[in-house]
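Below is one structure, written out as structure tokens; comments come after it.
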Amino acid sequence: MDLEIRNLSHHYDKLEVLRDINITIPSGQVVCVVGPSGCGKSTLIRLIGGLEQPAEGEINQIGEPPQGSLNPLTYIFQDFALLPWRTVEGNISLVLEGHPISREEVASRIANVLDRTRLSDFAHVYPKQLSGGMKQRVAIARALAVNPAVLLMDEPLSALDSQTRELLMDDLVSLWERERFTACYITHNLNEAVRLGHRVVVLSRRPGEIRETVDIDIPLSERKVDSPELARTQTKLWEMMREEALTADRQLADA
Amino acid sequence: MTDSVSGTAGAPITDDAPATEAGGRRSVPFRGGGFAPKPVWYVAPLMFVALVLLWEFGSSNGYISPLVLPAPTEVLGAFSDLVRSGMLAKHLQASLTRLVIGFACGATLGVLVGVAIGLYSIPRSAFKPLVAAIFPIPKIALLPLFIIWFGIGEGSKVATILFGSFFPMVIATYGGIDAVDRNLIRMGQSFNLSRVAIVRNIILPSALPAILNGMRIAASISIILLVAAEMIGAEYGIGAYVLLAGNLMATDQLIAGVATLSILGLIVSWLISLAERYFLRWRA
Amino acid sequence: ADKVVIGALRFTSHAAGFIAYEKGYFKDEGIDAEFSFFQAAQPIAVATASGDVDFGIAGVTGGFMNLADKGAVRLVAGVLHEKKGVDGMMILASNQAYEAGLDAVDKLPGHSLAMTQVGSTFHYMTARIAEKVGFSLDEMKLVPLQKVGSMIGALKSGQVDSMIMVPHIAKGIVGAGDAKQLGWLYDYAEYQISGLFTSTKNIEERREMVERFVRAYAKGIADFNRVMLAADADPAERDEMVKIIHKYVYNERPYEDAAPLIISGAMNLNDAGALDITDVEKQMKWFQDAGLVPTSLTLDKLADTSFVETY
Amino acid sequence: MTDSVSGTAGAPITDDAPATEAGGRRSVPFRGGGFAPKPVWYVAPLMFVALVLLWEFGSSNGYISPLVLPAPTEVLGAFSDLVRSGMLAKHLQASLTRLVIGFACGATLGVLVGVAIGLYSIPRSAFKPLVAAIFPIPKIALLPLFIIWFGIGEGSKVATILFGSFFPMVIATYGGIDAVDRNLIRMGQSFNLSRVAIVRNIILPSALPAILNGMRIAASISIILLVAAEMIGAEYGIGAYVLLAGNLMATDQLIAGVATLSILGLIVSWLISLAERYFLRWRA
Amino acid sequence: MDLEIRNLSHHYDKLEVLRDINITIPSGQVVCVVGPSGCGKSTLIRLIGGLEQPAEGEINQIGEPPQGSLNPLTYIFQDFALLPWRTVEGNISLVLEGHPISREEVASRIANVLDRTRLSDFAHVYPKQLSGGMKQRVAIARALAVNPAVLLMDEPLSALDSQTRELLMDDLVSLWERERFTACYITHNLNEAVRLGHRVVVLSRRPGEIRETVDIDIPLSERKVDSPELARTQTKLWEMMREEALTADRQLADA
């Protein structure tokens, strides 16, 4: 299943946030969207998943979601969005509850995703006991439990410290290698974008417009921290965004 | 590595695409929204007017016996009697004097004790449990003792209100100080600020929102206690007026008096909101 | 038998009802009576108005008159009445005021007096004293304290100079040296303190039952006056009656402690429940003049004079 | 680029270096600590015992007149009378029945109305201002009307307590719902959870801490209102006992009764703490 | 003025946090301390600045602080620690208030540090109106206002998004170029460490011990994002820490 965003514009009251966005997210690929603070990245991904309605333009899914997908468009949030009063297991079972699947199936799905995210030992633990990296892995396990067609990730790593981020990036890469999921990945972090994206979409500052789309052809598994080619792409992206980031950073909140 | 603007791939674009197309192209379903109840400004006044009209209708048609509830017009009549006779001003003056003195003293003492509990171990150990034990005691139960302790003049009335506002202020103040961001205190220490400077410049301003919120509660309690306070030998005062009306079973006056108290409460809470808006304008 | 709920206080002044019940006078009249106990008189009137209670005894207060004005309740007989020579309401002065010169009732002007509420019987009694002695009520400072307990506390601690009090409490205070006696109210006013009332609805719909009730009640009054007030009463009979009353009044104390209180609390009750309608009218006028009761109240609304003799 | 373990550079190391050395080597001054008052566990009981002893001493030596305050031994005597006569049980039973029924109904209704205000626009517009206007009305002022509305039996007593606990529960509940992390709701929507499932699995558990906290307040208010409620023709009940004691100026009984109420309050608040510890064990 | 940490160990009750730490921070150099989550980095820097007292060992300042230094050891905190009820100016004047300096001097110092951090236009603005990057610049300005001898920075950039972090890193580098301040810089982020540190100290997981000390000889101004030498150092550091970070991340909070 591909996703297609056509002539999308959005505004809140009189605040124009997004202007004429066109993106295609092809099946099995990770599209990263980068842009300065407040440019409308989160708005964009909310629109893509149907959590908000676009003012103009349309978002289409092309082709059928895979058989057995309980929730084709599944989010992974920056703040993990775990229910603190449910254990790891309970957080995953929450999203399976409304569906017509048997108890055994629920149990086996939970066991399966916990295994895939190396969390099997932590099934009965409350979120408060987990580190940030572990919490985000629980959120990933929860997303996987519904067999998503597309993962919509809004800065999934930006609440983590940089070492945990490194570890989780490796996890995401190996997960993609195994599952070849489709994803729209929003981030601030150019290093993440060049490590995880098959395609990087650069937005301008608010109102967000597409400034550039960069395809990166190196296979994900071969991208190393110290690869000079990636470093060059990253530097190029940074030069593209530096001015915008500077302006965005120096804007007063109520101006 | 190639640069290319995407969005031109995929199926051909048709105008006015329907939700589902033959080619398996479907619009993403909307599933957000809701859970953000927006107050509709005209509902409250509308309901209020409707309620009063219904009540008046019920009263004038005998569905509501005057014993159960006087008609709104009668309440209004009682209220305008109160205004025209000049008694409202007299009652208000008496009550407000008590309120202001009692509340000001109670709040000041409460903040002082609260700061002591918030900053020092010994007052904390000694007074925190004491406050917790005394706060829930109903003040009306103590009125007979108050008469002996503070006399039947203004003393016991002011004392009742003072007691009522003291305890919530203590609790709000030390709660506010307990919640001060310890990082800010550490910052002050790291710049070698003196203890006094840290209390004055960091701790007290930090606790101010909690203190103002405590004031809101203390003020409500003070107004509620007005009736209890004016049980003791009060000639004038809204509380005394309400009590007399209750005793005479003059329900129209009773409701007029209660409404006055309610309005007084709303005004005080509005004043505190103003203070909050001014003093806490730095808040996000 | 008619089921009837009597609202009562655990006071000696309600004793006639207890006697009538215990001696079976209600049963004799075919009335199946039941007591519901209150802490104050006012709520009994309100409860009668709302139909929770059928009969009650209350002072002829402003609150009662307002309820009568709304057509809810009506007096049907007299109960407590001041009578010269029979211990009734006592006028007291605090020790401090007494020492400072308040040693007679006619020195009251310029002093403070404790009462429960504006428009209470205490308020009216004071007005009657002022009328008799010949001063204006404005010359006194009347202090509303809501509760009898508060009045006592204020007098004992010298915060008010004087008050009027029921005999058993007043005698106790004076006996303990906590205050001084100035005089008896009956020297200034022989007036109708309280009366038996019922709801207008009862009068209109169950008039015959009310008549029977009043008859039975009057028998209780007769017994009470005969045994408790007469100087030459048979001590054995008095003991028996005090025992009956003790079932209801001061029942949490042992009999030996309670008996003197009950005996000293005995006040004159209207013979045969006769109602001093002249005084009731006088009271009504006074309250209306004071602006505490609307002028729409008439004597007809306040009392139904067809059940007992009036004077 | 060289790897080297540092710490060997700098001045020569001497054992037991003094705070200041000739060579300009000084220990970094300590400037942290403080601002963390630690309760000392024995201060509160010590102070309590000292206060009672002082009070007893004052009473038995005539410094405190029995009119002003009865001696602690007298209060204890009154209390043991209460226990021995079996009246305490009777009073407690009467009061607790009223409290439990009134509080349970008030809290349940309060939560229901609070949820409606928290979730839907129309109830929010209609009831939020109404609650704000009625909450601060002193309940004792309304007692005469309560008698007419609810009778003199248990009705009006339970109603007084019900009203007292209803309003704080409404406010706490909708406050809790307003404060629910919108991201969690959005998460639920993003997984296509039904509206009911979101309310049941996300909103209500999220609001639970606020609701339990509201219960704590509502319970205190209920106990305070016990005295007011039992002003209306109650024969038994701690409030009635206190009122009677006040009426008779039996200060020893008065204080014994007030202490009982205070202990009752502490017990209820402890029970709610237990409930919090159990239901909110997931909290950090 | 140099700082010297000798045989430092620390524990909270029975929790051993730091074990036998020896570090020298020479004047005019930036020493970065990296280590996995919870290894005691923040504890270390609190000990260095005298906010806590060490259980064992000592921390010495060698030589006199420069003339006119109002607060030789000055912190910059991760969460900025600005007073929200004071404007930018007021936040800086706070730390000058206790000192015997004239009003004019205070005003000129404030103007000076605002100028050095390019904040002059924002003197009368409340923190709530500022972006994270701006807030941290205010905190830096405040620190500069007292003429510190040593800056103690506890993850000063980790609360910022990665683009703002890039911008502030440039700011810090150019600030160091101009002022040659001494600093102890705590971070999670190996990229920050290799960009800003003359020396990088690597701590093991709790109890924190020094695992390695790496000196980087490239001048700060010449370190580029895509410099392969830096990338190699960073990779080397990451390999050193990976296992420790993984273990630290998978620890339960209450275990």
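Each chain carries a letter (A, B, C, D and E) given by its place in the written order, and its residues are counted from 1.
Methods note: a contact is a pair of C-beta atoms (placed from the backbone, for glycine too) under 8 Å apart; a residue touches a chain by one contact, two chains touch by 3 or more.
If you want to know which protein each chain is, UniProt gives these names: A, E = ATP-binding cassette domain-containing protein; B, D = ABC transporter permease subunit.
Since the model is a prediction, treat every value here as computed from it, not as a measurement.
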| item | value |
| --- | --- |
| Touch-network distance, chain D to chain E, counted in steps | 1 |
| Of all other chains, the one whose Cα centre sits farthest from chain A | C |
| Of A-B and C-D, pair with higher C-beta contact tally | A-B |
| Whole-Å gap separating chain B and chain D, where each centre is the average of the chain's CA atoms | 17 |
| For chain A paired with chain D, centre-to-centre distance based on mean C-alpha positions, whole Å | 44 |
| Centre distance in Å when chain A and chain E are each reduced to the mean of their C-alpha atoms | 32 |
| Shared-contact residues (touching 2 or more other chains) in chain D | 31-32, 67, 144, 148, 186, 189-190, 192, 243, 246-247, 249 |
| Where chain E touches two or more other chains at once, by residue number | 46, 49, 51, 73, 128 |
| Residues of chain C engaged with two or more neighbouring chains | 42, 46, 49-50, 147, 149-150, 153, 157 |
| Touching pairs - complete list by chain label | A-B, A-D, A-E, B-C, B-D, B-E, C-D, D-E |
| Chain A contact footprint on chain E (complex, rising order) | 36-37, 122, 125, 128-131, 133-134, 158, 161-164, 166-167, 187-192, 224-226, 228, 231-232, 234-235, 238, 241-242, 245-246, 248-255 |
| Chain B residues within the chain A interface of the complex | 1-11, 13, 17, 23-33 |
| Touch list for chain B against partner chain E, complex | 183-184, 186-187, 189-194, 197, 201-202, 205, 208, 280-284 |
| Residues of chain E touching chain B in the complex | 46, 49, 51, 70-71, 73-75, 77, 79, 81, 83-86, 94-95, 97-98, 126-128, 146, 152 |
| Interface residues, chain C side, partner chain D - complex | 36-40, 42-43, 46-47, 49-50, 52-53, 147-150, 152-153, 156-157, 252 |
